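Dropping a structure here in structure tokens format, bear with me for questions.
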Amino acid sequence: MIRLKFDIKLSYEIADSASDFIFNIHAAQTHHQVVVIEQLYLSQPVTPVVYTDLTYGTRYMRLKAAPGPLTVCYEATVDISHHFDSPENLAEVPISQLPSEVLPYIYPSRYCQSDRLGKLVIWEFGHAQPGYRRVQAIQDWVRRRTSFLPGSSNSNTSATDTIIEQAGVCRDFAHLMIALCRAMNIPARFVTGINYGVDTKAGPTDFHAYVEVFLTNRWYTFDPSGISPPMGLVRLGTGRDAADTSFATVFGSVNSFSPVIKIEAIDGPTNGFTLPRYCTEVLSTHAAFVK
Amino acid sequence: MIRLKFDIKLSYEIADSASDFIFNIHAAQTHHQVVVIEQLYLSQPVTPVVYTDLTYGTRYMRLKAAPGPLTVCYEATVDISHHFDSPENLAEVPISQLPSEVLPYIYPSRYCQSDRLGKLVIWEFGHAQPGYRRVQAIQDWVRRRTSFLPGSSNSNTSATDTIIEQAGVCRDFAHLMIALCRAMNIPARFVTGINYGVDTKAGPTDFHAYVEVFLTNRWYTFDPSGISPPMGLVRLGTGRDAADTSFATVFGSVNSFSPVIKIEAIDGPTNGFTLPRYCTEVLSTHAAFVK
Amino acid sequence: MIRLKFDIKLSYEIADSASDFIFNIHAAQTHHQVVVIEQLYLSQPVTPVVYTDLTYGTRYMRLKAAPGPLTVCYEATVDISHHFDSPENLAEVPISQLPSEVLPYIYPSRYCQSDRLGKLVIWEFGHAQPGYRRVQAIQDWVRRRTSFLPGSSNSNTSATDTIIEQAGVCRDFAHLMIALCRAMNIPARFVTGINYGVDTKAGPTDFHAYVEVFLTNRWYTFDPSGISPPMGLVRLGTGRDAADTSFATVFGSVNSFSPVIKIEAIDGPTNGFTLPRYCTEVLSTHAAFVK
Amino acid sequence: MIRLKFDIKLSYEIADSASDFIFNIHAAQTHHQVVVIEQLYLSQPVTPVVYTDLTYGTRYMRLKAAPGPLTVCYEATVDISHHFDSPENLAEVPISQLPSEVLPYIYPSRYCQSDRLGKLVIWEFGHAQPGYRRVQAIQDWVRRRTSFLPGSSNSNTSATDTIIEQAGVCRDFAHLMIALCRAMNIPARFVTGINYGVDTKAGPTDFHAYVEVFLTNRWYTFDPSGISPPMGLVRLGTGRDAADTSFATVFGSVNSFSPVIKIEAIDGPTNGFTLPRYCTEVLSTHAAFVK
């Protein structure tokens, strides 16, 4: 069991008229991720509405803020329990046996044009050992070929752009890995989170994007950008790609400032928690049928 | 009440090895569309698995077929009851009041890059009267500017391509209208169907794609291609765009032949059914909270 | 006659190994633009090679610089004489009568995909009065629809992107106008320069990009961005689009700093020079057959 | 010496009003390709104007045709003498030493977005042996990865599309190889022609597209599609990419039919001509300074 404590501070300056926001900054509530305690602070006297998606435990908070500054602070302590597996046990699931609710994740989406990549994946991964090894080959291909380079991509950058330009940030690594998996008919989806233990080369703690791939009967965690141990990831949102899972969607004339994020791990033999670490087992925090 | 009877015949030639198929050719089962009778014929002795999406009543049929020819025939008689409204009554819903399950339809998707169109929609539709009139202005803009031209687009064509090239088929008209609505923060989605009363200029009866837009508290039907009366549409699939709602997704080395589709309307004063016709009211066959 | 004096200062930091540069910062030498005096300063003891393109009077300077800092300063005083015409006199030239050397400018290029815009230009400009009035309609369309917004585009942004996103800088305005003219079979090309009298909203003096369109028998000057009087433009490079006319092409691992540019107009009744101003005549500084 | 005899028959149906055509179907006239005899037939009594580009020997024919059918037949016999080199002798030329007239061919163009491929070429070819061997590695990469598949691409398909979709026709193979060479700062250009000895898999004789790369001091011939021996190529047009070298550019409402093309080789010991064959030497038919 891992216990992580994080806080997120978002700051905005709203121009002339009241503006709507949809946030996805609450820790997801799942069987594997229990929210021990959480607290929300809003600098304006507004009443947010929080909606919880029952399939994923994702929480969306909507609010309408008045002109002027808006600060949103959220902090939470979560306990994450991982399901561990050996790579050898993880198989690709034939189309005919995929659970119905998994099917949407084999289709293309805004940033993951898997429909265009059929020949490329056969060429690159057609001879790889099916199952976990093929997914790992895809992840390695993305990681080896792509430079982690902040500023090299923008909100319009998609998986096909990243194949061409070979540079991006965590979101681009995730989109590319997802598109390649789907083109091989392996369900894959996009997860946003905060992660503990980010390589300092990647800069200060920020929102992170990683990948879940469906093998055998669970969703397994992959971090193609390789900047942090998958064990240290807190799940916020789950969707097809970044279009589904923005941490903040802003409607109106609003100036946004950089988020400020902190995360720490609680550990020690006395309380039974361990620190996130890189490991050789494969991790999962989401089964097929229950969140 | 309208009664439509249609049949679909799909033909394939499967090469070397058994291939998976996911079909979405069953009539959707909703409160507004009741399947009176239906029949499925498969030329191979395979057992299909049909999964019904409870939100939309969409039915997906999966099967694995052996090498050689495969014919799939489906016929159904459906009764469609329309909800009618006056344009004056239909308002745009503020972000803060949109039902949660409607939210996914304001985000961009594979073929509807609404995230890139924010300035364009303000320029073109920012001064239109909000509500139904604005949606109608969007539909008119798409229809006036775009030539219905079979062969001018392909499976990679998206809304931004159609703005540039001003030509396409029903699917492209639908993608463009959806992208523009979403860029205005008006939820919009993609529906596939078979439609009665297609303009003969558009060729023989084929699968059709049209649009549903969320106003006030229902999904309203629009056919930006203008090739048929919205009243004559049978719903098959509902999704964000064509990536979600293909009538057939084929996995493997398979040769596909052109679908053969027929549709007729059952009418007459004796049985109480009326013929689909163009009308000035706005139609809906899907409320917000029940399918 | 107009006399302009400008200087350009470019600064680089060259990493490990000697790097090649191709500059296009010299004032073009044409019948209409005479270089009165010019001076070049290089901070490294390298010998540049300058090549003059005889068709356009464009001058390209190549040099190989050693690791460390490199500063390139160029200053020049040029006398520009304008050919003035009334809009009424300027006609589109039929394809069959276009001078052969003008033909390349009706074809698409890297950033001007005129081949995709055939339907759009017929829709928007098909009914405009042919000749200068149509070109002006194209310029007005670009200027009205597009926001001048530094940071909204990048080196990959092309004319079709600018139609979609409706924002850009002078280079994007120029690419879009060129693409639209070519799609109407009106030859159009890209000119880089320094311009006197830039609107201060557009920031400090910088390299500028504008458009030349071939009408009757000359190339006429248009500035679709509208940020400066066309009379104040000094020509540096001439080509199909920005791919042909970069002020600096750098080969190797080099850090580039922002250019520093100054320009002033020499005037006064005693010396016979006038100040650049907005005027109703149409300007040309390039005939068809002589530069 | 090789003697080839070919004929081209183009057919059009011109609608309402007289339409302009620009053809590039004449055999180029160069030092290496001598036109022994040629003949042109036009089904309408129009007088074409032929313009010869002095740099490349390309001939452009313009004409205006009346409504109704138009047939254009051209036949020619050409003698081609090849310059042969050993791969070992062919070096990449440093930027600083490239002849000025070669410089345009290191920049991106409509279908060859070399500016986006800087990282990809370093990744794939950065460690290849410079010179001919690197160019050959690029050609092999393109040929191995890309399926020759008529119908898989269209007039909007560019080099970056072909990297993603890994399918195309000769024009797409050529665009991709050119873009990769330019991204490595190796000048490369597009040549159209008719070729003798096409692999029958590629269908009946058609217009062909191939590549010239500048090494040491000449342009060397490469056929990345691999469908014919480079020795059997007749040069028609030379340019940056397909945007420059269309065999027919049509202005107006015209219906085009498929070209009909035939080619044969004249050989035999008595006349001194040899048949085109695959060979291990590298071929050139264009020096740097003379056509």
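Letters A, B, C and D name the chains as they come in the text, with residue numbers starting at 1 for each one.
Simple rule for what comes next: contacts are C-beta pairs under 8 Å (C-beta built on N, C-alpha and C of every residue); 3 or more make two chains touch, one makes a residue touch a chain.
Computed from a predicted model, the values in this text were never measured in an experiment.
The minimum number of touch steps separating subunit B from subunit D is 2. Judged by shared residue numbers over all numbers used at their interface, subunit C and subunit D contact each other through mostly the same positions, with over half in common. Superposition of subunit A on subunit D using C-alpha atoms only gives a rotation of 180 degrees, nearest 5. In whole angstrom, the spacing between the mean C-alpha positions of subunit A and subunit D is 47. One simple way to say how far apart two chains are is to compare their mean CA positions; for subunit A and subunit B this gives 31 Å.
Note on chain placement: the centre of subunit A and the centre of subunit C lie 45 Å apart, centres being C-alpha means.
Shown for subunit B are the residues that touch two or more other chains, namely 116. Residues of subunit C that touch subunit D in their complex: 20, 22, 49, 51, 53, 60, 62-64, 94-96, 100, 103-104, 107-110, 113, 115-116, 155-156, 185, 243-244, 249, 251. On the subunit B side of its complex with subunit C, the touching residues are 116-117, 119-120, 123, 145, 147, 160, 163-167.
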